[in-house]
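Two complexes follow with subunit A in common, the first pairing it with subunit B and the second with subunit C.
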Partner chain A sequence: MTTTAEYFAVMSPQIILLIFALICPALDLWLKMRKGIAYWTLIGLAAVGIIETLALIPETRSLVSFLFWTDPPTTEVFQISAFSQLFTIVFIFVGGLVAYASPPYIRKEKHHGEYYALLLIAVTGMSFVASAADLIVIFVGLEIASISSYALTGFQKSVKRSTEAAMKYFIVGGFSSAITLFGISLVYGAGGSSNLAQLGTLVTVGGALEPIVILGIGMLIVGLGFKIAAVPFHMWAPDVYEGAPTTITALLAAGSKKMGVAAFFKLFLVALLAVKADWDVVISIVAVLTMTVGNLVAIQQESVKRMLAYSSIAQAGYILIAIPVATDYAVAGGILHVITHAAMKSGAFFVIVALTVVGLGETMKDFTGLNKRSPFLAFSMAIFVLSLAGIPPLAGFYSKFVLFSSAVFEASGAYSWLIWLAVAGILNSALSLFYYARIIKSMYVDKGESTERLPVPMSIKIVIAIALIATIVIGIYPEPFLSASLGAAEALNNLLPIGL
Partner chain B sequence: MFEDILQGVPVLSLLILLPLIGAILVFAFGKSLKIVRIISLIFSGIPVALVVMIFFAFQWGGALPDGETFADPQFYESYSWIPSLGVSYTVGIDGISLPLLLITPLLTFLSILFSWDVKTRPKEYFGLILIMQVGITGVFVLLDYFVFYIFWEIVLIPMYFLIGIWGGPNKDYAAIKFFIYTHVASLVMLLAIMALYFQAGATSFDMIELGHVAPGFSTAFQVIAFGAFLFGFGVKMPMVPFHTWLPDAHVEAPTAGSVLLAGLLLKMGGYGLIRVAIPTLPQGATTLAPLMAVIGIVSILYAAVVCLAQKDLKKMVAYSSVSHMGFVMVGFATLGSVGIVAGVFQMFAHGLVTAVLFMSCGVVQHHCGTRIIQELGGISKMMPVLTALMTAGFLASLGLPGLVSFAAEFLIFYSIFVTYGLWLFLPILSVAITAGYYLWALQRSMFGPLNNKIDAPKIHDANWYESVPMGILIALIALFGILPAIILSRIGDAVDIVLRGLGVG
Partner chain C sequence: MIPMIDWLIFATLLLIVGAYGVLTSKNGIVVLMSIEIMLNASNVSLVTFAAYSSELHGFNDTMGQVITLASITVAAAEVAVGLAILLVLYKRYGTIDVTKMNFLRW
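Right, the complex of A and B next:
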């Protein structure tokens, strides 16, 4: 049996995050120093980051439930492994960047304490999903993160589109949560357990309850599809991403969406792996649709923020390739793409944050001649979008390479159709270059109306620099990130009882 | 003598690093035009000295006592880079890479010299040319597919900017067209690389290692993978019907961009075919050789005929590149020793010759303000030096005996005759067409009565920084035209290895 001390040890990251979150509003009352709360948030995130990275636990450790009505009582509900660690580090990394970049961006708003508290709670929820070993815990984590994200999206109360985005996000989010929960309950009902690993053996092909499982799978694809904005469940995403404060957009794109990916991995590659034949084609089609529609619509956008939102949709499509391919190597590619996307996409959104802070807008016109006004911003943006397009030797190239090549690798025999996933991914990469190149062109080639230097705040510059360094370092020396992703993929695989 | 100097020096890595350092210095310290010029000349000049040393230190010629030949890569270096995927940084050269490696720093150095008067954003201009040199050098020396692909892609971005920023009126269209066409082609090549990697057990991207394993793969696999390579490299070369990006890119690109594009970037496609595709997938090559021959011959003839109709001098030269690269394709398609050696030599020759041609077009544009043949005429009197150099370049390109292209094209014709017999009559038609369009264009634009649209007193001859690079190139064209064996003999050893894979040699 697990001792109480062990509960605290295993759940310490989430507990620490929550404590820091709960103190944030109080600090707002006492401190009166706005930046102080941001630093407090950073300290909390850093503490957890240090626990996750330094106190690396060599073996997977699980918590046995005392909260839930599991039967038999020894099933795990919460599990820390290389997988949960890596995802939590990504969430913390993104959360930290957002917290550090926020003070200049939200300086005109009130209630800073709540902003950072919600940010920390959102990160807590995300790490919950990454560490979950049980359907219920996954759902609880999803809800914790989603509900704080709704509030964060509407944080700019005076801005109409922010409120509109929050409403939209809330309604769609609530709807998708309900569908997800319905799917979870169907899978639970058919399998007889809420534990992911047990479901892996209980839900099998040919069982009498398979139709119910298929219905559950459909619900899960729809519900989680909304969460990660997969086509055709993506309609809300561009509006929400565009309307939310841009710092929060970075969190949504690089954090919340990746939480959905983690849930996808856990549900489909652990709990429902035995019935892979029931969902692999559907998810493949969703993946191809997602990347294609995302890229095609992105081409037509004039607002760079909206363009990046669509490109984010497309990137989720690339990650989805990992699920039907379902090998460790493919999942490692998906996880690596989560890491690289966190750096390059949040970096790109922070460039927009910087432009907004200095009084420019979010459209292509505001990027015109940026090279003259702020060479640093222009260079960073160029690197981020080239990396998103998958140009070597930048971070995005490696994750796409692993993802696409995994589909080539598995494409044989009855699964030879998997090659089309790689082909679609590659064609989409070429397609995406078209709109990314437009951003680069307007920054470097076109002449802007003004050549006045932009006074970008130091903290935002530092945040962009960190994302930039991450993008370049992963590009030049991908080995540690790749082997960490492989380790995480194996850890996910190890959740399953042997024999599958 | 040079062997001793280069002993233990990672000279190929230096060739990649030096321009990179130069580019970083230019971007960091290029405050004035003078500093930019000096830094870029130094960092593109040292590699020229290095390749000359490599050329003399390169070992060649027949068998060693134990039956080994000099076909193994020389100046070999290898370091593990991404062990999880089996990627390593491996460089080395053999007779196939040597000639192309020779012209890479040379053409970059001469284009930098030629661009002496570029005053718009010089920092970016020279920095990008140096970065392009990094990519091209890497492609010609790397022996690991993964890193090869990375360097292959690095080349695209500077070229996109060179066309996009310093290009002509239609530069946006040309730049994005260039980028998309060549990027899609590289992605198809990447698919083929992935397939090879996994088919061989997903342990290594090493070209030599895969080159040993891959010939044993099934014919169906080889044909598909070879087809993907052929598309990837063929678009780059470029071959009809995927050549349309080239004239657009050339017409808009600044002169140095055109020189590097035609002189070096196109060679990457041909080099890829002979370094990677043919020896690694011999059965695929044997099966698709007729297709290659047809594409090559169509390119030769079609592009030559199109040249006749061009109004723009530079566009004509661009199409002539398509035609001349067709010879490379046909040479390789024969899959025989002479054809392959001649194909590699043709790439070397075309690199030197086409640089002169594009530089001539650049000078004409620079001094007369137009390249449209109709608007020129009779300017030889004002520009005697240019006319002499340009005529020499045109004659070299049309295959005048004694100049470098003649040796290459003659050998290719010979190999076509050996392999395909009297089908030779098709490609040989192009000799007449080529002579026709070059001489006709020369006559209309440079000689004859003075065109009254030209403001004659304003025109002066080519500047020193324009005529010196062209002069150097003409001297080399003559040298290698008279003594082609200097290069041909060094290519031979490596080609024997290719042929052994094909079961011919």
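Right, the complex of A and C next:
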């Protein structure tokens, strides 16, 4: 018999994050040192990061539903596994980078305490989704993270476009949450359980309730498609990413989007795996559309921040390849791309943060001749965009290689069309090189108006350096990261309930 | 007893009404209310499936009602943040007409 304390021990990372979050606003009131709150946030994130990495739990532990105290307990809602740990570490990594880079960027704003509190709560919500074993936890986790991101997007209340981005994000986010919840209700109704693993056995092909399941799958693809900004549900993403404070853009692109991917994996590869024939073609089409439209529109952008937003849409398309292929190797590729994308995309956004802090803008013009003004920023940006394009030996190459090759391995018999996913991915990588090369050309070849050195704050330099090291190290030594991703993919497969 | 399908049709109609409101109305408050209607449509459908679970699956399942309680709480939090954003928007733009916001290309 498990005691209440043991149930809650499973949730300790989230509880620690919440305690740290609730103290942040109080610190703002008493502590006059602005940077102190950022350090406090970092301590909280580091504590949870250490718990998640060092206390690697050999077997899966779960929080059994304490809402219905039945004996023996049948419904589990929360589960720690290699999957949830890996995703939580990614979210904490991104959250830590954002917290450390924020003080110079938001120095002119008020209410720093609330900023860091909302940041921690958003990370908590994301890790909830990663550890969910039940539909209710997925929904509540998505909402915790989304609602705090709406507020964070509108944090610069004096800036017109920040407020507007918050409003757009709120409308689209609320709309997509409502559709996701309706999809959840249909899947729950057709399966007769809200537990993901039980749904995996209860939702079957050919049942009388299959039409309801198909309708539910459609709703879930639309709702979660909005969350990860998949085409044709992507219209909001460039506006919100451009309008939000750039540090928060890094969180949205590298954190929130990955939370949607985790929800996609949990819902489609655990709960709805038995009816794979109903959704694999649809998700493949969405994946190909997402990468193609994202890359094509990115070419025309003059604002680098907006270009990176479109490139982030395209990257979500690559990750979606893992879902129709659905082997452990493919899911590992998807998870590896989540890790590498978190490092390289947040790094690219932090370069823009650095340029904004020193008084430059975020258009292509501001990148002209950057090599003369700050060789470090130019070099890091070049590495990040080359990695995003998938140039070996950088991180982006390896994760894309695993993703595309998994589609090629599976392509046989009735599933021979999977090879077109790999073909589309490779063609799109070549296409994306076109606009990434434009950034590199304007930084290194073109002559800028000024060659004055840029006084980039130390903390932002450190954050960019960390993302840079991660991008290069994952590219050169991918084995430990690939085996961790494979372990997470197996843990996703083994998400089995107690009473089944 | 009212057949289950009637409740599901009711829920679907609510969802469509809400979606129509979100997509067409100009007033920010009306958009907010339409999102609430959509969330409530899901609540109706969840409660329906929970109430008819013994007919559908042969066992009694109450989880749908629990999810509804959670979703009502979430909806309240969402409205609070939404109204706060609308307030800031009114201060900045002098209007809550969501079609007037074209500083960023939609």
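Here are some notes:
Assume the second predicted complex is superposed on the first by the 488 of 500 C-alpha atoms of A that agree within 3 Å, B and C clash if a C-alpha of one lies under 4 Å from a C-alpha of the other, contacts with A are read in each partner's own complex, and residues count from 1 in each chain.
By our rule, contacts are C-beta pairs under 8 Å (C-beta built on N, C-alpha and C of every residue); 3 or more make two chains touch, one makes a residue touch a chain.
Quick caveat: nothing in here was measured; it's all calculated off a predicted structure.
Taken together in the superposed arrangement on subunit A, subunit B and subunit C fit without clashing.
Working from the superposition on chain A, the subunit A vertex angle toward subunit B and subunit C, CA centres, sits at 140° in steps of 10. Using the contact criterion defined above for the overlaid structures, shared-chain residue A:140 touches subunit C, although it does not reach subunit B. After overlaying the two complexes on the shared chain, residue contacts for A:186 are found with subunit C alone; subunit B is out of touch. In the superposed three-chain model, the partner touching more residues of subunit A is C, compared with the other of subunit B and subunit C.
Of the two partner chains, subunit C is the only one that A:166 touches; subunit B does not reach it. By the touch criterion stated above, A:433 is placed in contact with subunit B alone, subunit C being left untouched. Of the two partner chains placed by superposition, only subunit C is touched by A:150; subunit B is not. In the superposition on chain A, contact of A:392 is made with subunit B only, not with subunit C. The minimum CA-CA separation between subunit B and subunit C in the overlaid arrangement is 30 Å, rounded to the whole angstrom. Within subunit A, not a single residue is touched by subunit B in the first complex and by subunit C in the second. Looking at the complex, you find that subunit B touches subunit A at residues 81-85, 149-150, 153-154, 156-157, 160-161, 164-165, 171-172, 175-176, 179-180, 183-184, 187-188, 190-191, 194-195, 197-198, 202. Residues of subunit A touching subunit B in their complex: 386, 391-393, 397, 401-402, 404-405, 408-409, 422-423, 426-427, 429-430, 433-434, 437, 441, 444-445, 478-479, 482-483, 486.
On the side of subunit C, the complex with subunit A involves touching residues 11, 15, 18-19, 22, 28, 31-32, 35, 38-39, 41-42, 45-46, 48-49, 53, 56-57, 59, 61-64, 66-67, 70-71, 74, 77-78, 81-82, 84-86, 88-89, 91-93, 98, 101, 103-106.
Remark: subunit A residues 67-68, 75, 135-136, 139-140, 143, 147, 150-151, 154, 157, 160-161, 163-168, 170-171, 174-175, 177-179, 181-182, 184-186, 188-189, 192-194, 209, 235, 238-239, 242-243 touch subunit C in the complex.
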